[in-house]
Amino acid sequence: MTTQAAQSEQPLLSVQNLKIRIQMDNGEMKAVDGVDFEIHKGKTLGLVGESGCGKSLTSRAIISINPKECETSGSIVYRSDNEASLKKLDLLSLNPTSKQIRSIRGRKIAMIFQEPMTAFSPMYTIGNQIMEAIQIHRTKNKKEAKKIALEMLAKVGISDQEKRFDQYPHEFSGGMRQRAMISMALSCNPEILIADEPTTALDVTIQAQVLELMRSLQAELGMAILLVTHDLGIIAQMCDEVAVMYLGKIVEQAPVKEIFYNPKHPYTKGLLKSMPRLGGDKSKRLDSIEGSVPMPINMPPMCGFYERCKDRIEGVCNTQAVPKTRISDQHSVRCFLYSEQREGESQ
Amino acid sequence: MRTMPVFRRQKTEAPQPVKIKDANYSSQWRLIYLRFKKHKLARISLFILAFLYLIALFAQFIAPYGLQSYDSKYVNAPPMGFRFVDAAGKFHIKPFVYELQSTRDPETMRKIFVSNTEKRYSLQFFVKGEPYKFLGLIPTSTHLLGVEQPGRIFLLGTDGMGRDLFSRIILGSQISLSIPLVGVAISFVLGLIIGGISGYFGGWLDSIIQRIIEIIRSFPTLPLWMALSAAIPPRIPVVTMYLYIVIIFAFIGWTDLARVVRGKFIALKNEDYVIAAKIAGVGNTKIIVKHLLPGFISYLVVATTLAIPGMILGETAMSFLGLGIRSPATSWGVLLQEAQKIENVALYPWKLIPLGIVILTVLTYNFLGDGLRDAADPYKK
Amino acid sequence: MVLLHHKQQANGKIKFGGVHLKRNRFIIMLLVILSVVLAACTNNAGPAQVKDSPKPSTKVEEAPVTPTDAKEAPMLAKLVTAGTLPPLEERLPVQADVKIEEVVDEIGQYGGDWKMPWSGPGDKWGVGQPTEEALFRFNKTGDKVEPNVAKSYEVNADSTVFTIHLREGMKWSDGVPFTADDVLFYWEHMLTKETFGKKIYDAYYSVDPVTGDKALAEVKKVDAYTFTVTHKYPSVQFLERVAIDNKWFFAPAHFHKTILPEFVGDDKTLEITKQWGYEDPKVFLVETGYYFWLHSQIPTLRAWVAKTDPNSDQFIMERNPYFWKTDAEGKQLPYIDRIVATKIQDPSQKTLGTLAGDYNLLTFDSKEFTVLKENEKKGDYRIIPWTQPAWSSAGIQLNQTTEDPKLRKLFQDIRFREALSIGVNRVEISEIVSNGLAEPVQASVPEGVIGYQEGWSKQWADYNPERANQILDELGLSKRDKNNFRTYEDGSDLTLTVIESSTDSAAFLELLKKYYEDMGLKTNLKVVDQGTHFDMKYANQVPMTTENISVANVAFRPDTLVPLRVITPWFGHYGLYSSSGGKEGVKPEGDVALILEYWDKIKASKSVDEINQLSNEIVKLHQKNQWVIGYAGPTPVLIVASNNVRNIPTDAVWADEYRSLGQGHPSQFFIKQ
Amino acid sequence: MLQYILKRILLVIPVVLFISFIVFYIIQLPPGDYVSNYSAKMSAAGDVMTPVEMDEMRANLGLDRPIYEQYFVWMKKIVTKGDFGFSFNYNKPVTAVIKQYMGLTLVVSLVTMVFHYVVAIPIGIYTAVKQYTAGDYFFSGLSFIGMATPNFLLAIILMYLSYTWFGDPLLGLFSSEYVNAPWSMDKVLDLMKHMVIPVIVIGLASTADLIRIMRGQMLDELNKPNVVTARAKGLSEFKILFKYPTRAALNPIVSTFGWSLSSIFTGATITAIVLNLPLQGPVMYNALLGQDMYLAGSWLLFMALLTVLGTLISDILLAWLDPKIRTEFRGN
């Protein structure tokens, strides 16, 4: 993990008050309810939370590829570091099928997905699908595009690139497919790589190799990474900064060390406790957080974690929206335990 | 398809079961039902179909007249509705209908129908009429609606022999709504199994089945029907005959579905999850049913709903050979066949109403299929 | 093209995936324009070609208005000036021998096409009968024959020697003279040698009044235009019977000499057969010998000569330049230039084509009357009903020799037939089956036809179900099975089976089944294809069927009333007994045997009155026994003619013997320009 | 792949031969034969044939010999002399009859088939992409009407409407004056005008199935993750739609594509009869009805060949279209 200069530098991408609402039969689901974070050059931000907490929707909203049922609002400001024309651009303001957003997708902000098998179309060779992005963003000439693609395949550690280039997704193993996915994403050397649970579908050994590959590529190409996962182990290994999400909100955000050694929010603590420890007592059952994630539909203003929180304060946590409290300049938490003002004065 | 298993009720191994509070974890079918309910059009279609089948069930009771109510006085009469206000402007609570008198235009010999405003016949319910067996069991002769004797009510007009078209449509629905489904089901099952085996096992079994399919497809059906029409005993009940035809249709019709199922199976059989199931020792049939079939439920649903119109109308092509439904029994196909004369299109257009009914049925089946297709598709958010 | 809207982002911001309503209206508007354009181009293509004066390149362009005194069609006048055709005088027979054809309304104009629908070469008689030119043809009233191809004839006292004179200077359609040699050739080398698949016709035999054995006539040539036919025994109706059986008693000798095996040898004939595209010489000789009018290569005496291949979609016959008839003003007939027979495959096309004016002269069954009458003005045509000598338009024939002995006894019992007759409401049948056109009467010889019997049409014609049931009980059919159907006395099952070869009479049979079953007689209806029905009739397996009797004069054509061979369902295998000379079939007794006796007397009778008297006896026997039950009287055949098609008689009789439309002498039909 | 195709082509010959025998047997199945049909028609027209004449005709046409003998004679003639036998009805060699109707049949069938695929696939895609919008209902409704209305009824209604509005019911393929006229611009225009109703009748009915199938398949593919990946790469909606979901959706359509080969040559039979189109379908229909043995037999042999080849073509297309199957072949 490379430690970087202080936050004073301009962030590559700053997400402010992102809200995603989905019209369901029985009301309006607030999948993402006011999320703010920033992505900095060369740094990795981890977005962690149980499935269904809105982390995937948040990551996909950046390049607005969420399905049409999602009504997205708020602002995602992108300040390109290496392209003059894109000094300051609110991605959400762009029309999802417009030329502008398309020039950013894959070229400036790339994405890799959880299920490599279904992410690739079975009908076309891996080479064809990789070249596609290159031919849109970098060069129209086929030979040149193929050369770049082969380079990328080599860079991600795939051997015998010539043969592999003409093979189909079903002829690749799980790990190799994910590597091909990464090579595709990075083929136009984007500034930001969004990785939506990149290794969940892989077994542990391959997982480590892929993560190691991502770290080395980050070091070499200097792109920022937004890593979406539910696996705290990966967070520890990869991320510089972590944002814990619960029920569409970021409940705690801090540098990775702070989260692991000085967790504040009861949910974060619960998550950490349920992680298997090296040398832990094997006979004892891992304790898990009681209850399950409620559906964020027509939720009254209260803390989402209230039902399952051991340290909840009756009358406070379940009566009003929880404001965000800043513990230190890099560490903030959304919980009344740490908020001085209890009766609703939000910061 | 992959994520479908996720919804499956988790078999928890833990000693004390985790308390499941709300409906987040429900069985796959319940989920499909939930999403199906969301599908407005499919719900309406389901309602219409249920209504049609209800009428078909109580056809004899609902239809005011029977199949053999020939009446030369009312040949090719236009539809007539109920009235509330009579010629003198007086309003009547009970809707009524005038006595229909028919004369012949001396020059064109066309039947002219004039309502005689003096005689009024009011609507009656549970009126006495053609004897029949209610649900095939209880002999009775009460009909749902009718008019005072000797008045006649032809809601949708009459056909070339003076029979009430409204009654014939309803009575025809008994056959046209039931038997074609048998045919569709048979060809569906055959196509699925044979196509599946051919696609799944491949190799010599596949080529044999493909050759059999080719032989069946190049069968000339016409001589078959002619041989059948000569061989069928005349007194055979209409329904059984129609059943034979539909079964034969099914035995010839399944090849299309089999071809597609084979194509799909070949494509899906090397999917990881299928191989995983194989390794886990799951039996072949279970793999086909549990894993492969859900893979293209949408095509199956669409193909089934598409086969229905073909089956409903199938027997009309045979009627000129003396096969198919023979008078006095009737079906929608027969009604359409009878309407197929220039004079009907030109002079008696109401005889085309059965066409509207068949289209309605086909529409509802297809929208129902649409609803099912969407509900069963896990990827649809 | 529909998908292109994705690209335009012109009006309105499309939310991702979902499309604003504005965009939808754009698509629907696009579609509407498209369909309007499509309809427009079909629309203006339609009327742009004004219906009645299409200008296709091939049609002979209209000659200037023909001067009234021009004696030949402009089409031929052009060929005469071009020298490819000899002048009119050389083409017509000598002045005295030209046949003057009286016109029905007025002297006609030349030109135009007779457009008719036909269903291909199988429908050969549809074109064959109207264009036929027989040696002798039936006169207007249909009781006597008049010379047609023949100029005149003399008969000796005891009707054994017939001298027939031909027309001097008359020529075949290829210009070769037509002489007595052509008659002799036909007699010696074709008819007696049975080269065209037909046995020697009955008409050419005379019957010894005493022994009944038959003797073939002799034909001798007197001079180039006269020949005699000598019978051993008197054959009073020889000319009428020739006009029925053989009709044309001549053949183009010069043509047949080039193809008959007798002249060119079998292998040459085989070679010619192959050239014409046939496989089997026998079939080839039938096609050229009997159905010659379909082939352009064969010379004919008819008013129109075949031009195109009968198997193509349009069969065309053009006027015969050497046609030997003229109208009273000496103008060479026929007036109409061409017959254009367009192929159709479904009866609805005949109706639609008539409404749209695609066909200008054709015939319909009375069922289509209402549709045709309603569109008479719009279609600019008129409907001319011709009466038919049919006994009924809806009826049933009970096979008197049906296989099942119990059923045969029942069918032969006159009371059973009476019950079947009075148990059916004829008014209802007439209203539904014939739209009220047919009279609700019994099957009987209609008024104005030879053999009409007063009051016959009322016999058993009333509707009296009680009386019918009473008769059936008297016949011992009182027992009923569980579904209330009558059984024989011994309780065995009684079923009436009606076997049909088409679904045309489906409505009539449905009603009949209702009435019969109301009387307790279980009735089954079965439809089989034509071929099977024919075989079943031969094998005596058709108990009942719905064929109608239609005969102009039993003396001329006995097949429907006298069991001479297996053809008419009611006498079934009695016919086989006669045709097999008593070896097979069922021996007729009672009145049926009596009919056969009368027929033998007719064949050997000496005078026309004797023949008419005996024919009347046969018809009376039919009246007495009523083997054929009719439920609706005969309906007219409808001749539909465009209003510009003139000279069509309005009061003629439509019968096979009078060659259907031929009775109106089509060569004098004309199209008013 | 090539070796697989060769094996399949070799297999075609025995299959077609086997089918030809079954077909030959089935044509004879109904009671009676061509001669009884022929004599029935003749007696309706007044010339009655005696049983003796009928037997003589049967001997002439070789119908009195046992079926397998007739079959071998026929098959031998085909193999040795390429002579497909003789049509009794048309009194012409079978090949001549087929040639006569082949031209127009191809024109009509190809036009309707092109209409079928060119219209149905885009509409299928459109109704999938725009599911539950006015466009979707409009096209689905249209295709249902086409599917639910029997061809013969739709044809008559359209002809009658064309008669009432345009005065010409557009019977057959040419107006009466063009039937025998040599080909000219007018004749082609006239043909086009007459093609409108058949294309609508055959097109509307047959496109309905394809639209529904295409729509169902597209709905499946549109929500697949690989579409999201493509979008994440910055492809335009248009390009995504036609490259990924469409290609995958074509799988079921391709697997029955081969069989439309035989329908090209017959065209819709019943519709052709009702619209009076001089096509191959009705000719064969009547041949079967009248048991015109060699004509029907040869034609069905030709159809069997097309069906078998059609299956082969479909298999090849299936392999070419779906890489998984292709690799399976390359594998074994």
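Some observations on this one:
Which chain is which? They are A, B, C and D, in the order written, and residues in each are numbered from 1.
Please note the rule applied: a contact is a pair of C-beta atoms (placed from the backbone, for glycine too) under 8 Å apart; a residue touches a chain by one contact, two chains touch by 3 or more.
Because the structure is predicted, anything quoted here is derived from the model rather than measured.
Ranking A-D and B-D by contacting C-beta pairs places B-D first. Relative to the centroid of every protein C-alpha atom shown, the closest chain centre, again from C-alpha atoms, is found for D.
Chain A and chain D have Cα centroids separated by 55 Å. Chain B and chain D, compared by their mean Cα positions, are separated by 26 Å.
For this pair, chain C with chain D, the centres built from the Cα atoms lie 36 Å apart. One finds 45 Å separating the Cα centroids of chain B and chain C. The set of chain C residues touching two or more other chains comprises 6, 348, 352, 355, 529, 532. Shared interface positions of chain D, i.e. residues touching 2 or more other chains, are given as 30-31, 156, 160, 224, 237, 289, 291, 322, 324.
For chain B, the set of residues that touch two or more other chains comprises 226, 230, 270, 340-342, 346, 381.
The residues of chain C lying in touch with chain B in their complex are 348, 351-352, 355, 368-371, 373-375, 427-428, 431-432, 435-437, 495, 497, 500, 503, 506-507, 509-511, 513-514, 522, 524-529, 532. Here chain B touches chain A in the complex through residues 2, 20-22, 24, 38, 270, 272, 381, going by the rule given at the top. Within the complex formed with chain A, the residues of chain D that make contact are 224-226, 228-237, 243-244, 247-248, 321-324, 327. Remark: chain C residues 1-3, 6-7, 19, 24, 27-28, 31, 38, 42-43, 45-47, 49, 51, 54, 56-59, 115, 121-122, 124-125, 197-198, 277-280, 282-283, 287, 308, 311-314, 316, 340, 342-346, 348-349, 352-353, 355-356, 358, 501, 529-535, 538, 559, 565, 567, 579, 656 touch chain D in the complex. By the touch criterion stated above, chain A contacts chain B in their complex at residues 25, 67, 69, 115, 117-118, 170, 291-292, 294-295.
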